[in-house]
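Have a look at the structure below before the remarks.
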Amino acid sequence: MITAITPILAHAADFAEGARPEDPAMWGWILLLTPLVGALILGLGHRIWSERVAGLIGTAAIFLAFGAALACLAQLLGMDAEERHVLSGFTYAQAFGVDFRFDIYYDQLAVMMALIVTGVSALIHLYSMAYMKSDRGYTRFFGYLNFFVFSMLLLVLAGNMLLLVIGWGFVGAASYLLISFWYRRSSATRAGAKAFVMNVIGDVALVIAAYLLWHELHTLTIPTLLANADDPFTVMPTATFTAVALLLLVGAFAKSAQVPLHTWLPDAMEGPTPVSALIHAATMVTAGVYLICRMHPFIEISDAASMTAAALGTATLLIAATTALVQTDLKRIIAYSTMSQIGYMIAGAAAAAYSASMFHLMTHAFFKALLFMSAGSVIAAMGGIQDVRRMGGFKKAMPFTYIVFVIGALTLAGFPLLSGFWSKDEIISYTLHRGGAFTIIAAGMYIGAILTAFYSLRAVFLVFHGDPAPEAKELEGGHIAHGDHTNPATGEHEDTEVGFPGADHHIAEREGEMKVAMGTLAFLAIVAGFVQIPGVTHVIEKWLEPVFEDSRYADSIPSVSAQWIGLGVGAVIAITGIAIAYWAYMKNRGVTERWTERFPRANAFLLNAWYFDWLYDRVFVRPVAAFAVFCNKVIERFVVDGIVVGTTTLVKDGAERVRAAQSGLARAYALSIIGGTVVIALYFVVVGK
Amino acid sequence: MNISWYIALSAVLFSIGAGGLVARRSPLVMLLCLELMLNGANLSLVAFARMHGDGGGQIFALVVMVVAACEVVVGLGLIVALYRNRLPIDIDELDHLKDPQKADSAL
Amino acid sequence: MVLQGILFFIAAAGAIGGAVAVVLLRNPFFSVLALVCHLFALAVLFLLLYAQFIAAAQLIVYAGAVMVLYVFVVSYVGGADEPIDEGGGAPRALAPIFAGALLVVLALALAGSALTLLDTNGAKLPDNGNAYGTPEQIGELLLTKYLLPFEVASFLLTVAAVCAVVLARRRRGLEELTDDSPLLGEGLGKR
Amino acid sequence: MNWGLTILLLVPIVGALIAALMPLRQIGGVAAIMTLIQVGFLIPIVLDFKIGTELTGFVDELWLPELGVHYSLGIDGLNLFMICLVVLAWSIATFAASRHEFAQPRMFYAMLALAEVGTLGAFMAQDLILFVLFFDLLLVPFYFLIGMWGKDTELGNSRRATATFMIYTLVGSLLMLVCAVALGVLSSTQNGTPLTFEFADLAANQVGNSTQNWLFVGFMLALLIKMPIPPLHGWMPITYKATPLPVLIVLSAVVAKLGAFGFLRIVMPLMPHAVDSFQPLLLLLAVIAIIYGSVMAFSQDDTRLVVGYSSIAQIGFVLLGIFVIDAKGAEGAILQMINHGIVVIALFLIIAFLGERAGSEKLSEMGGLAKNAPIFATLFLIVALATLAMPGSMNFVGETYILFGAFQTKFVWGVVASIGVVLAAVYMLRMFQRSMHNRGSAGDEATNSRSRELDSGELGLLVPAVLVILALAIYPQYVVERVEPNAAQTVKSVTQPAQPVALDTDGGVER
């Protein structure tokens, strides 16, 4: 028995090896595990914790994780600039040379991403403490949210391709849980399933990509893979390279809601608004950008793949931006703008503007989370109604929300000197610098920019200006609107026992936690751009430089003057877009309705998001469902049951014949025994002779 | 006397028993016919024992008698049980194994 | 020697006669009595084969105890006459034929047997020949060489005794063992 | 003689006998507690297991010398965790059964135990005839378990279900018996070796190529029926619907795995040439099973059939892993047998609990349970995610190894099979959402406030299974490294046959 326990102890030691105190990645492990511990405490004790305590536990765990991320940053800063990466872990499922290990790996890129994730998450947790107060599933919400942060950090810190897939899958699951958080709404559960299934497509693509990488380079450890990507001795066939790049892109596109795998994101707005802010704007959906940056040697090595990525990214940003022009659901407007902005990042990353993409990822996280939070505040004030046509005039009723929303919208629009201005235009100028086909991409980006400026200000004008809506008036009078809530998508009556809006909902104007979170983000949205002003500051570029120095386009940097010209063009475009929106919604209110009446088909086309859902329904969902019916009705009944009926009939008929001998007469049996004995005896007599 | 006489006699007794077993319908008489067959076998066993001058055959015969006694006891017990359940004491009527419905109605 | 031959034939005739009577008599009660006669004749034959103990056991156990059991059951059940002519069908018609065939085959086997000893009067017994077939010899064999069959046989008897009690006792006592499940329901356990 | 495995084999029977001595009402509980003894017996075996291909606790006694049949048992990486699965499944199933009243409990638990003996024996057997014997022995208890305690459904009554099940499996079993005997005899005559049925000897003295081919067909049919793989799954719907759930747990979680196990234990080492020549057919069947099972699973209304058809899809993955003939594929197949066994235990428990709460096992009559049973919903979610091979579960590890193996040797087949991974997400989420989320029936809405939470007994059944799922998810390496040598050895027996196979010079069978 003693000898028997030894291997267990050895395993425990092996397991603990990854987390022992002197481990170089100690802070990484703490960073990774803190949110998980938070989720476990919340989950196992969900009967014990009061709502307040649960909120505090969840939020504290994320703030601790943010602290750990800062410690990781400090750890990296304490190392030599060339050596700033840490790898640590244990064997997870290793056999036949498939080194499936539980390794965490962090370098400049991962730490930057971890800081964004934990930082924004911490603020959103803070926001949620007030926002979700009226919700029955308060503890569950924080448990899920903590689990999400753990999953996201697992994705960011993964040092092994298959561990990356695990993180990839976990965020998908967390996203599923949070989209269908209000599980009594059938529209929410359907949206959750849709998001999950589309993300599984991405998971599968990544598994195949992992196999191809393992097959060619004989390892799954990400740093080793990256180091060997250009190794002349292990150089892969071009076709394999292209396949790997495209598969990685499928994974990235599924997660980042890029065309053609984008249709789940607008539906994902069924989740609570903090979820939309955290997962479907700031962090998870940008994982695709992170993946492309992380695996950049394998993307840029194939021109076909990087052109595909850039083209699809641009297509997404244009499709989403045009769709956002006519949407009436406030959260969907922001969701489409998220798709559009990620399109910029993907296209930028495909054009090898990695640090620019990461820069935009960061600023986008700030201003998009801010936009969602302030939208949540408005929706709460409307008693759950999300239709912008019914809103209006909230400027006076909610001054704080108004200010932060305008900051967010202007940043999104790329208004000069705000953070979005610096980051978006850096992507565009890098893309232009690549030249060739990328010039067309950059042109698409400028078209997108004017659309973005238009629709983001459209939302501002529709919601906050104009005649005050009844709810706005009520709020001015000091009351909060309550309504009889029905789900606009299905018309079913809302179950207010499970899910927002409950009896006592909260809006930003009155809640300190919400104000702090939004104020911080608004501040960051304004100033975050100053870390990277062409010719002046280069914080992000310098920090990420070692990660991307092996890029074959590392030296291809646009000149400072070219960048400033780009900034100038961007500023003009942004202001033009804002001016058009002002003209259409403030000066000439109603002009857009007239356009809608004149071009009903175009309007319907955009309103239905270019009919992608309709197309997928016809091409995938219905044929598979029809095939299922065919299997049930034809194959099961005729082929499979045919086998059953055939065999049973055969046996029955045979039995019927044999059964005739079973007369039930004991004497007949005796007779046959005697007869049998005679025959056998006769045989022996004859043989004996 | 030659041993073969005894063997021939045992064959005759055995055949008579076998014939009776098939011919009669009363389970009681069928049991008697079984006794006949067993006794026929016993006779040959004892005869062979004599032939070899060995006691083993006699022991065998003794065991056969024990088996016969057991068989009688169980058989008679069954007959009594049939009688108690008001079933016909006629082997031809007792064909319930073939016809489950009859068994259900009978028991 | 001659006396033995005469005795053999008388006993053989008695045995065959008894056997035939068992089969042919219509009243079970008479059949039982015929079997008793048959057993007496057999006992004589056993004596002729020097099987004194077997013969005694045959008379005491068989003709005595077992037959009494038969008589009791016959009188309890009320041994009604079996209508020997009616019915019976194919088995009854075929019975003599099959019995005859069996006899023929057995006779063939006997005639064709290669056992030369069959034509002798049996092995020469030891001079103090009285030992063969005596209770002493049987007893010794039972407790030494054939101990296991002896024990097994006794166990079998016990089982049979228990079985008889269970079968013949009042059925009401069995009800708790029954069940309503479809497959076993048709077995003996079902009421 | 090493008695360890024999004792393990007999413990269930002893337990059932002890339970049978108890008063009627306590039989179930005692039988359930008795199953814990097996767990106790198993723990040292697992702990003492040494990584490698050597057989642990090997017993080899000549049983029927004239026929060359050995009483030969042993544990290696191939069956170690299957045996754990057997013991776990039976323990949980017996505890689950003890929560209900069954008519004739003595008979029921004895039959359950007998089935366990058959299954354990088949997994441990190292002799072909012994394997067939145990393989067929377990049909006897299932005949009674389904026939006597099964329920009548719209697909037919329990007798019909029993008959369908028995006919299907018996056809397979008898074919296998014939082929097993033929394999031993032909191996002996073709190679001039003494008659034996031990796996090791048969693997060393293989029969000729064409002989292998026709023997393979017999084994294949028997094993495919057991798994089951379309189009031989006709017994599955009616049997799954009729069988009592505790019995269904063991039938689906463990007994069905015997089919896949047979391929690894018998077919690959003993008939390598045939495996090679039939590979395309089996790969086709595997992919059909994956796609067909998945599509059927998301169009069923009955939860048992959802799980039933999803099992077909999952076992299709196992078959794929076996027949890509790559060590990684075999490794994944073994892992997936273990994983799927565990999730099926949990899924059928969940179906039982759902049925008790909704009053029906149909998805269309369920809904909204999560509101009044949050813990139940959480446990179900974990199981559902594990079933759909969510990354981070051990099912993912298994499926990844299968796919890696498939990509390595049959890239296109692997890519087609990947569709099954996506479809798995569809059908498992559908089942989860239809039962737990959305709104329930009108009656459920009326009883909105009533708690439908799992009671402590139900938690006691489900939580161990979920804990095993979680433990395997956190540290699969414990299993992976123990399976690895055997997976390698099994595949090597096909890629590099032990010796040149016998020439088909003697015996008229080939001609």
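The chains carry the letters A, B, C and D, assigned in the order they are written, with residues numbered from 1 in each.
We take it that a contact is a pair of C-beta atoms (placed from the backbone, for glycine too) under 8 Å apart; a residue touches a chain by one contact, two chains touch by 3 or more.
The structure presented is a predicted model; accordingly, all values stated were derived computationally and were not measured.
Each chain's centre was taken as the mean of its CA atoms, and the one lying most distant from subunit D is C.
Pairs B-C and A-D differ in how many C-beta pairs touch across them, and the larger number is found at B-C. If you average the CA atoms of subunit B and of subunit D, the two centres end up 51 Å from each other.
Centroids of subunit B and subunit C (each the mean of its C-alpha atoms) stand 6 Å apart. Averaged Cα coordinates give subunit A a centre that lies 36 Å from the centre of subunit D. With centres defined as mean CA coordinates, subunit B is found 86 Å away from subunit A.
Counting only residues that touch two or more partner chains, subunit B has 18, 22, 25, 92. In subunit C, the positions touching at least two other chains are 91-92, 94-95, 98-99, 102, 106. If you check the complex, the residues on subunit C that touch subunit A are 90-92, 94-95, 98-99, 101-102, 105-106, 108-109, 112, 114.
Of all the residues in subunit A, the ones that touch subunit B in their complex are 662-667, 670-671, 674. Only residues 18, 21-22, 25, 91-92, 94-99 of subunit B touch subunit A when the two sit together in their complex. Considering their complex, residues 4-5, 8, 12, 15-16, 19-20, 22-23, 28, 31-32, 35, 38-39, 42, 45-46, 48-51, 53-54, 57-58, 61-62, 66, 69-70, 73-74, 76-77, 79-80, 82, 84, 87-89, 91-92, 94-96, 98-100, 102-103, 106-107, 110, 115, 117-125, 132-133, 137-138, 141-142, 145-146, 149, 153-154, 156-157, 159-161, 163-168, 170-171, 186, 190-191 of subunit C touch subunit B.
Within the complex, the subunit D residues that touch subunit A are 44, 47-48, 163-164, 167-168, 171, 230-235, 237, 292, 295-296, 298-299, 327-328, 331, 368, 370-371, 374, 378, 381, 385, 388, 390-392, 394, 396-397, 400-401, 403-404, 407-408, 414-415, 418, 421-422, 425-426, 429-430, 433, 436-439, 448, 475-478, 480-481, 483-484, 487-488.
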